[in-house]
Amino acid sequence: MGEPGNGFVWPVRVYWEDTDAGGIVFYANYLKFFERARTEWLRELGIEQQRLRDTLNGMFVVTDTLLKYRQPARLDDFLLVTARLTEAGRASLTIAQSAYRCAAGTHTAANVPRDPHAQGNTLLCEGSIRIGWVDASTLRPHRIPDTILQALQRP
Amino acid sequence: MGEPGNGFVWPVRVYWEDTDAGGIVFYANYLKFFERARTEWLRELGIEQQRLRDTLNGMFVVTDTLLKYRQPARLDDFLLVTARLTEAGRASLTIAQSAYRCAAGTHTAANVPRDPHAQGNTLLCEGSIRIGWVDASTLRPHRIPDTILQALQRP
Amino acid sequence: MGEPGNGFVWPVRVYWEDTDAGGIVFYANYLKFFERARTEWLRELGIEQQRLRDTLNGMFVVTDTLLKYRQPARLDDFLLVTARLTEAGRASLTIAQSAYRCAAGTHTAANVPRDPHAQGNTLLCEGSIRIGWVDASTLRPHRIPDTILQALQRP
Amino acid sequence: MGEPGNGFVWPVRVYWEDTDAGGIVFYANYLKFFERARTEWLRELGIEQQRLRDTLNGMFVVTDTLLKYRQPARLDDFLLVTARLTEAGRASLTIAQSAYRCAAGTHTAANVPRDPHAQGNTLLCEGSIRIGWVDASTLRPHRIPDTILQALQRP
């Protein structure tokens, strides 16, 4: 679901499991939404995390998170979550991410919206996630495998 | 995503958030997967839970859960979750639900599998969920509104 | 925190993370509360699960859950969760568990209540959990190690 | 559990629910651990959040989170989580928080460790959480009630 300028976009529906007694999405759960989008972005690039672990004995771990909460989401809201690589180091990647609420009534099963900046949409949460590559057994940092770096550089 | 005989079917991807240190999906999370399928089944019938609450001041609460775990799911697995109404009382509904793992390599973004019983698929978890209709303020049981019962009876 | 007749008792406080937009504890989270109590019960018997895995390469997995929800819990509620072994097979254990809400004002930091059946307490959720012992690598069922069975039989 | 210089300290045990398939605590769950500590810190100051909501129709919502992950925690680890007020504005509070793993074997039921900086302990995660006071119905920002600000200023 790539969009020029937005990077990768992934849809997320808000269920009961995501909400808290304030009637809104529990703030920690945006980290889950952001990770789903990162995982699908990597999958689109041909990178399956379970397979990496089985074949390379390595995995990504999150090392830094910075989130700003702008507006709350509620049960049944339909969100678009973005992921855009902002920095690729030898052992870590930094990804900018945002969650937008889609205006009500703009989608059906046959017509899922993909443009987070469409009219009527609202920015709910934005932030930056840094992930590092580690050996899955020792959890020590390692250089990101070339196959992953090459997949990231593909246009 | 209705399938004759299966009832409603909803796809669920397994992410890091769903797993535990045993390397498998944390068993409590099947209740989340089952609820996502129930929610989408109700939505397909025209029933939006947030709207029901705003307009009727009522909501469904889970009163009984019975789950049997057959096989574990792992990171990146692609599941199909079913929901089928087995009993509709005045104040409660009983829904039979199952989760199946799709055989690897059977799907692409353009071709999402829908048949939980397709060859190579594996039954992971099955069970029964009973939900009751309550007043959202008092949480006391009430008769299920006719609009909901009628939607459920539509062929 | 053993109590004659009740089996093991473990206190659980309700936080935001445990609640949903219904204003009550999300039903799936009672499985978490019950597991905390089972873990602490095993720990009291001298059984540390991470150590078992490191030394015996085995672990318990949940195979069956049956829960009945009687009354809802809310933010800040203080619960007592019980765990009592009801059946010990060769490869599985069955544990009866309940969660009670303590009457308000009955406890302080220095005086944590321990009797789930004290006057004013309310039964919220009860059920039965079956766990099986599996090889941690293959996830195949195995006989429960004697050291565990012996610890369970100690008076 | 106040400690001079550390601010408030709250113990957290790592259970299966907290871990992921990497064998470590899922990073989003530190936000839960931090919130438990903030909640208990407020409770120690006489501030019960459910009561505030019932009486003042207001609640705290998280507006900013910044977390750095230093070392992973594993199943059965015993953590100490700190909370220290670093800034009190008219409508928001900023709290510095950390999680430390206690060295193995340093505690029993009768002797819970309280010093996060004790020898052998390890800093796992640290960060800063900003919370704002909002009207519980409109979710709009409001001045923090004087009763709360006064409780925070008590020595």
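Just a few scattered comments:
In order of appearance the chains are A, B, C and D, and numbering begins at 1 in each one.
Rule of thumb we're sticking to: contacts are C-beta pairs under 8 Å (C-beta built on N, C-alpha and C of every residue); 3 or more make two chains touch, one makes a residue touch a chain.
Predicted model, so just to flag it, every value in this text is computed and none were measured.
In this structure, the chain pairs A-C and B-C differ in their number of contacting C-beta pairs, and the larger number is found at B-C. Relative to subunit C, the most remote chain by averaged C-alpha coordinates is A. Separating the CA-averaged centres of subunit B and subunit C is a span of 25 Å.
Per-chain Cα centroids separate subunit A from subunit C by 34 Å.
Among the residues of subunit D, those touching two or more other chains are numbered 16-17, 22, 24, 28, 32, 35, 74-75. Across the interface of their complex, subunit C is touched by residues 13, 15-17, 32, 35-36, 39-40, 43, 48-51, 53, 74-76 of subunit D. Those residues of subunit D that touch subunit A in the complex are listed here as 22, 24, 27-29, 31-32, 35, 59, 61-69, 72, 136, 139. Interface of subunit B with subunit D (complex): residues 16-17, 19-24, 26, 28, 74-75.
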